[in-house]
Structures are given as C-alpha cells and as structure tokens.
Amino acid sequence: MNIQFVKQLVSTYKPGFSLEQAFYTSDEVFEAEWQFIFKKHWLYAGNTAQIPKAGAYFLYHLQKNSIIIIRGSDEKVYAHYNTCRHRGSVICLQDKGNAPKLVCPYHQWVYDKDGTLLNARMMPDDFCKEAYNLHAVHVKVVEGLIFISLADEAPSFEAIEKSLAPYLKPFEINKATVACIKNYTLAANWKLVAENFRECYHCGGAHPEYCGAVIGANLREDTGELTLTKQKDWNANGLETKLIEVTGGTTTYAIRYPLRPGIESYSIDGKKISIPMGLHKNHDAGVVGLVNYPNFWMDGVSDYIWTMRVTPVNASTTDVEFCWLVDANAVEGKDYTLERLTAFWEITGDQDGKLCEDNFKGIQSDAYQPGPYAAVEDQVINFVDWCVNTLKEGLNENK
Amino acid sequence: MNIQFVKQLVSTYKPGFSLEQAFYTSDEVFEAEWQFIFKKHWLYAGNTAQIPKAGAYFLYHLQKNSIIIIRGSDEKVYAHYNTCRHRGSVICLQDKGNAPKLVCPYHQWVYDKDGTLLNARMMPDDFCKEAYNLHAVHVKVVEGLIFISLADEAPSFEAIEKSLAPYLKPFEINKATVACIKNYTLAANWKLVAENFRECYHCGGAHPEYCGAVIGANLREDTGELTLTKQKDWNANGLETKLIEVTGGTTTYAIRYPLRPGIESYSIDGKKISIPMGLHKNHDAGVVGLVNYPNFWMDGVSDYIWTMRVTPVNASTTDVEFCWLVDANAVEGKDYTLERLTAFWEITGDQDGKLCEDNFKGIQSDAYQPGPYAAVEDQVINFVDWCVNTLKEGLNENK
Amino acid sequence: MNIQFVKQLVSTYKPGFSLEQAFYTSDEVFEAEWQFIFKKHWLYAGNTAQIPKAGAYFLYHLQKNSIIIIRGSDEKVYAHYNTCRHRGSVICLQDKGNAPKLVCPYHQWVYDKDGTLLNARMMPDDFCKEAYNLHAVHVKVVEGLIFISLADEAPSFEAIEKSLAPYLKPFEINKATVACIKNYTLAANWKLVAENFRECYHCGGAHPEYCGAVIGANLREDTGELTLTKQKDWNANGLETKLIEVTGGTTTYAIRYPLRPGIESYSIDGKKISIPMGLHKNHDAGVVGLVNYPNFWMDGVSDYIWTMRVTPVNASTTDVEFCWLVDANAVEGKDYTLERLTAFWEITGDQDGKLCEDNFKGIQSDAYQPGPYAAVEDQVINFVDWCVNTLKEGLNENK
C-alpha cells in the first residue's frame, strides 16, 4: 500500500466539501479503506432468520474471502473462512444451503459446524488434527442481526448492541421469515452509496414514491408536531423513540420517524403490506431507521423490515444486498405478496443506484473538484468525516 | 508517469521503420501521449449540424471525461465538463439531446447553456454562485467542424482554420443534415488506426470497392494528367485544389483528387448518392481529403461528407465514430437512402478495422521488431515522426 | 519483474506443504514462471496428425504470441512467430488451415512455409530480403508429438525423446486421425491444474466413471498382482511397460497400468471405443500415462489417445486443450462415435476443472495457509518441488 499517497490525500481533506477524486477512484485509498475501515469495524453479514436451524448456512463474499455463516448444533452462529486447511479448496460451493457437516469437495476432509476438523482421511498417524480446524471469524448477534469482524482482535460490540437492540426487539427477527433477498452490483464507489442514503436533499427530485410515504422527506414539510404526537402513541405501545447517535470508532444511528398520516406502510399505495411483525400490535409504528458504519442500514415499518448490506468490491464497484423480512406467521399469497412487499424499495433503490452511478461517472472527470455540501447534507458530512478520521487513525497506528 | 521509460523509448526511434512494440502497447506511452498529444492539440469533436438549435447538445467521451458540446441561445457552440460543481454527478445523462437548461439530476442545481450556475437550491446566503459555473472546455468551429482543446491554454487555431476552411466552405456543413452516426470499438492502438488511413500500400489488396472508385488507389495507375485536367474544371467551379500540408505542432493535410472517370460519388455502383451538397453545382468535385492530427480525417465528395473521429480509450482500444452528412435539403428515401449512403465506408471501414486489429495482434508478439516502411508509406512516416517528435517536445518541457 | 519478491517467496517454500498463496496469485510469480519455466522448457504444441500434408498449419497462442506450426513441402514441421517482418501484422488469421504460401493480409508480403521471405512488393532495390525471414521457433517431434521451445537456445530434447518414444510408437500418431479437439478456459492457476492431474487422493470422491475403469484409482484396491500378470501379456505383444521417471531440468513420467478386468477401454460402459490404434493387435494394452512438465499429459488406451495441453494465460486463468486421436483407418459412425469417444474425458475433465477452480477460489482467501500433503500426493510434491527449483535456478542465473 502506498501509505504516503493516502496520508497526503487525507491531509488535504476540507470538511464541508465533498472528497477529492482519488478518495473515490484510487486503488491505494481502497486498499487503505479495506485495511483500516473494513477489516477493523464490525460488518453486517445477514440475519439469523436466514439460517433458522442447525447446519443452515450462507456465504458472505468479501474481497477474495468467502465466509461461511452457519448455525451450530447449539443454535449459536459460527463464522469460518471457507478454505480447507489441506490444500485450500473452498468447502461450501453454494451461496446458501444446509450442511450437517462441512465436507471439502476435493479430498473429503470433514469439519464440524463449529469448525473443528473431524476427519482427514489417509493422513499419517502423527498428523495433528487439532492444528487444522477451520480459521474462525469473529461473530456477534444483536436481536437477530449478524455482524462479523475480520480484525485479529474484534472491537467492542457493546455500543452497537445497546443502540440497536431496543429498536430491533419488537421485530423478533430470529423468528421472522426471509421473504426475499436480491443482489445488485453498482458501478460506483461504496462511499457514494453510503452518502446517498444519508441525505434527503435529493429525495424531492428523485423519489416520488418515497416522498409519498414519508412526511418531510421532500424537506418542505414541518414534521415537528406530528412527530411529538406519534412518539406518545409509540411509547404507549412500548416502542423505542429515542434518537441514538453513537459516533467515533463505532458509529451507529437509530431513529423512529412518522409516516405520512393515513399511510400504513412503505408501499406504493400507502396500504399495509403484511401482518404486524413480532410484538407490533398494529400498523402504527412509523419508520425505524438504523445505520451502522460502514456497511449497514435498514428501514423497518410495522409489517416488514428491509435491510441493505453494502460490500465494496473495488474502488469502482459495490455489491448491495437487499433483504426483506416479514413476520414468522406471515404467509405468502395470503398475508402478503412478494410483488407488493418488494416494490417500494426496488423502485427507490433503482433510483438511488442510478444516482450513485451517475455521481461516480462525473467524479472521474479531470475537472471534478470537491464541492460544498448543503446544510441538509449534515449526515453526509458526518459519514465523510468518519471515513477520513478512521483512515487517519489507521494510518497513524501503522506508521 | 514513468518519464524515463518513455524518454528512453523515444530515443531509440529509427525513422523509416515502424515503432518499437512498447509504443503501441505500454500504458506509460499511452499516458504520455494523452498528456503531450491529446491534451495539447485541438481535437475534432463533431460538427454543428449535430446541434442545429439552441439547447441541442451531444457528449464526447474522452478517457474519464464526458464533455457537453452544446449550442447556446446566442447560436455559439459551448463545451463544458459534464460534472456538477456540487458533488460531481454527471449532468447530461444521454449521449445527445436538447436541454433548455442544464439541470443536475442529483440535487437539481441548474446551469445555463453557457455554463453559468443559475440556481443551487437550499444553499446558504453566503454561497458564492459565481464560483461554481461549469468548468469550460476550449472550443473552436471552422466551417461547421467543432474542435475542442483540453489544454489549460488553448493552442493557436489559425493554421487549422486557414487550411480547412477553403475546402469545407462549399459543403455548408452548418446547414447540412446529419444522416447517420455510427460508433465502433477497435482492439488496436489508436496510432495503427491513424497509420492505416495514411497509406494506400494496402489498398490494392484490401479495398476492391475503394479502388473501384478512386483512380490510382491501387498504386498501379498514373493519375497525373487526369488530375491536371480535373483541377481546371474544379477551379472553374470555385473549388479549392491547392495541396495543403501544414507540419510541426499543428499538422493538417488537405487535398482534392479525382474519382475514376465515370464515377459520380463514393458508392458501390459508382452512381451518385444524393443531391449536391451546399454550394456544389454538380457531382464533379472529386474527393476532398482532410486530415488533422491526431484524431480527425474526412473524405468529402460532391454529394456527401464522411467524417472519422478517433478516440483512444487505452493502449489497446480505440473508439471510432463515423458521421455521414448530406445536403440540408436532401430527403431520405427521395434524394438518398441510408443503405447506399453508408455502404461504401462501412465496407471499407470494416476492411480497415480488421487490418488494424490484426496488425495490433501481431505487434504484441515477443518476436516483433520494427520493420522497414516502403517508399509509398511516406505519409505514415510523417505521422509516426510527428507522434515521436510531439512526445519528445512534451517530455522535454516536462523535465 | 520484481525479482526480490519472487526470491523471497521461493525461500519460504516448505516441502511437503502446498505453496504459499502468492505462488498461485501474484503477477510477479507468473512473470517469473513464464520466463524461467515456460520460456526455458519444451512445450507440447500439438501432434502431426493435425497437419497431415504440406501447408497444413495450426496456431498455438502463448501469452501475446501466436505461433504458426506448419508442415513444410519436405514433410518436416516448422514453427514461426505469426508476425510479419514489415509492420508486424499477424499473417495466419485462422486457428488452423492450409497455406501453400504464407501471405500477410496487410501488404501482401509472401513467405514460404519454411519462413523464407519470397516477395515484398514495391520495396526498394537495396532491400535485403534475406534479413526479413519469419522469426523461427525451435521445434521437435517425437513419434508424432510436436514440442516447441521459445528459448533463445533450445534445451536438449534427448530425455523426452528417449522416454516417450517407446510408449508412443505403437499408436502411430503421424498416421492417426484427429477425431476431436476441444478447448476450455479454467479460472485457476495453471499449477493447480497440473497438481490435480498428479494425484488420485481425490479420485474416489470425485471420479466415479474414472474409478469404474481404472483399478486402484480409488486407492482402496491392491493392483500389484494384476499389474505383474498384465505386464507379461503386454511385453509379449511388444508393448513397453518400464516405469520411466526423468527428473531434474526435463521432468518426464511414463507408465503403463491396467484397466479393471473386463474393461476394454476408457469408456462409460467399459466397452471398446474404436478399432485398435496403429500397431496394437487387440484391446488389451492397459493405460499409457505420459507426462512432461510443464504443460503436457496424455492417457492412451488401445483404441484412442487423449492428450491434454495446458497453457497459462495469467496467474488466474489457464487454457486447456483436449485432443482425441483414433486409428488412421477408423471411420466415424462405423468404427466409433464422437459421443462415446469423448464422453469419458469430458465428464472426468469437467469434474477436475470444477475442483481446480474451487481450489483456486479458496486459496485466494486471506486465511489460506499452506497445508500438509498426504503421502499419496507424492507426485504433487514432485511437481511443486520441480516448479520451485526451476524458478530458483532461473532466478539465480538471472542475478
């Protein structure tokens, strides 16, 4: 990694302005981000509803790594690098599945779900099996959301747990139903995708459907009084309403805000999508918005959760996974249809994906210069600050 | 850029022989060419018939840059970098269109056609709008042909204007009709594409259609007497016939030469293609051949113009745009058909494209060595000399 | 090339363990391998049955080189770099064909099949034709198998000839019929493809069809007695049975081993595929397995030969060519069908290709570490040793 180049770049950062071109386009910055941001912080991987029983697993692909996220016989969630300790073959070949044991397809070395090497056929008597368990990845679960860490030593999970748990609890994710997962690849730097989600300066012009559901998203309506009224209702129903902003190393954001009066859910027609999830008693829960830097955000309404997982591939490519969760007892075709469930975020996500890609195209121009953020883009400034500061810290520790 | 590598390579150049492999394949040379050739000289972008009225625009993609070429309310041609001064998004998303104003799709900043920032909503009172006009690109027009310069300070346009204007005038390009534009991507270094167009040593073997129209193209016929006779006719009709060869920094070439007796136009059957263009009185105008290094050449006959714009993408990829222009009053289906209009250069262009790609494949061989040019390849030597000398100059200024 | 990086890597090699990740993934190692392994040793190109008569040729693409392998008027095999000595164009455009003369498609320079420049039109009188013959590639033929060398000075061919000739002779390849050639591209480092072929630790789990034909391939059956019995039969029929292991610079391996009793050929149903090839008197010849590092192996049974040519494209991509040969007099549809002929190795090859690609995916993990080979993987250790030692030698000579 060209540390000097990144250091120099970081030193030119001017708060309140968009980042210099190289932050979005250079391989050096991307490598530094991978090292000092993605390999340092907790990353959202998926949720426990995706692996409801022992042996259920899914893979999370991060750069050249494939990570097996698997439910153990003890119900706990385990994460392993998907590489055999013999000659390195990947072990799980499918992106999701069920595996009573993890058997390498090449020479049939057999591992337990917790990563223990159980059998390596035809190896000599003095072969030390204990030395060849699967390489483990740190894993934490908060109310059904699975986070992993590729750091040697995992950072504290306390702030994330404390911030997200009260908001997540009523959804009962661990018992929920995964209705749909969709994957997208965007031709844009991952930070542009994150920035896009952190401001509504663009919403009025870009998101008619979203603005139709969320009051104030167009930045032209005062929502103060409505919010206060709704907060009382929500508190009466045991729903968390306290704005949470954890900043610094771990940076987490949690909020509940109202839907437009008369709107029951995130839907094109404003009508409810499914039965209330988990502990929700009715369709009046507003929107729960959760963010955890660098790769997670979600919006939850009373009857469904939509999560977004952001995975940088390289400086100019970003994978995005949408997951829609509904109540454990919701039955497709009866309580909800996939079409209505996914329409709202597919439309809004397409709009945002296009904006991000066009943003990235323009940033690559020789003439691009950092421009001034508007006041309503304060959360973008927060995110960009966090990125630059996290890089700076990592670079300093690394000198 | 590895200046030393390019300098060393340039110093090995042996006039009269094709270039060393690295001139055609190395990223370093390509980077140096971009810097010292393409960002220094006037580049052909298109013609004014493509943007007939105020707000009409097209984009020219050069490396990571997208350039908006737009007609202003004052009929003048403007060129801007297609990147918003706010957060850098591209503003024009389509490759051509009409825009009364240039509005960024992300946060709706509004620019005038001349690049002036008109409105940036929700920015603070002390925001200095004047500081955020679109970044301008130098632009010049000669008789309807649009040239741009990415240099900080634009070079003189005088020689180009003086050389091309007398040949272009009779075509009245500004009033002409754009009949067809086609884009091709060639797997070849851009210089091989330019070299190919500068010699007819290959014509006899490769271009039966072209040799059928152009006397002498096969290098086996003496055209001296015919040319002298025709020049008298052309002069009598007010058509320029003086050979123009500007060399040095700006390198421009302009010539008029005869079609085979009985041939009326560049067509497969030798018959005319359309009504005479602009000021042409009949179908007897021979061929006007114009070249301007590094990226432009065209052939014009009495009833149509075919232009070729060469855009290097990287050392091994070159974009080519063909544009066919006919008279302002020519009506498709009545005065000409697209099929007959485009056939001649599509066939000839395909033949040349294949030759260039095969040339490039072979040059990449470990065994490739510069080979001797034939005497009839003198204009290739001229081009290659110009490239090497222009590089050398740039490298010297840059030391 | 970053010699220091490769030297350092080579010095970490631990025999008995799979190679460090960078051996399989780094461009530097690949470049060193190309230089010190592929440009140093004899490479299998194809066989003489592919070019049965004067002027018949095929191309072998090696990195950026295209090599013409052509039969001369004197029946000898010639190999030339496919790049014209004029301006470098490739001369032969098709991957195989017949050419009485080699004529460059660009400017029609004409070469003889042996590479002599015969005619370069319009070149000046003082042009020294003799200086512009095609650049030659070293070529050797052993019993119909064609090997080439890209080295300046070709290494000795003696050991290869001596080892392979006695096993190849009965097949009479020079007179044989090329029944089928298929090309595959694998997303795996070339060494993984070679390693895969050098052990049967994986056969029991991966290759039911192969294990159905070859006794002992599952590593669970003792084949000692059967082999001794069969060797007597084979010797009586004049078939070579001596195990040949040449190691060091040239590394060649030749063996004959039995099919399962009752099995007549490499086929899904165990029945014969075609008429016996060449001098074979019946379908009892077992399997002839031949290997020559770095890019050749083949299996021959009494009625057909299957060859495999491995061509590295880059560190993560490998081209593989399968060729099936049958007897000169075998008639398709009567004596054999293509479907039955190719089924066995297409199925087995697909299984191996998938294993290699999955092996490569897993090796790219951040967590990958060299793992211990099993005792039955001794030939993999032999191959990996050879690679590392050959690299080491090259690096030392190059200091």
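First chain written, first letter: the chains are A, B and C, and each begins at residue 1.
By definition in this document, a residue touches a chain if its C-beta (ideal position, glycine included) is under 8 Å from a C-beta of that chain, and two chains touch if they have at least 3 such contacts.
Here the structure is a predicted model, which means the values were calculated and not measured.
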Touching both chain A and chain B we find C
Can we say the copies chain B and chain C touch using the same residue numbers, with more than half in common, or are the two sides different? different
Nearest whole angstrom, what separates the Cα centre of chain B from the Cα centre of chain C? 48
Multi-partner residues in chain A (2 or more other chains touched) are none
Chain A-touching residues of chain B, taken from the complex the two chains share: 63-66, 81-91, 93, 105-108, 122-124, 127, 132, 135, 150
In the complex, chain B touches chain C at residues 18, 195, 201-202, 205-206, 219, 355, 358-359, 361-369, 371-376
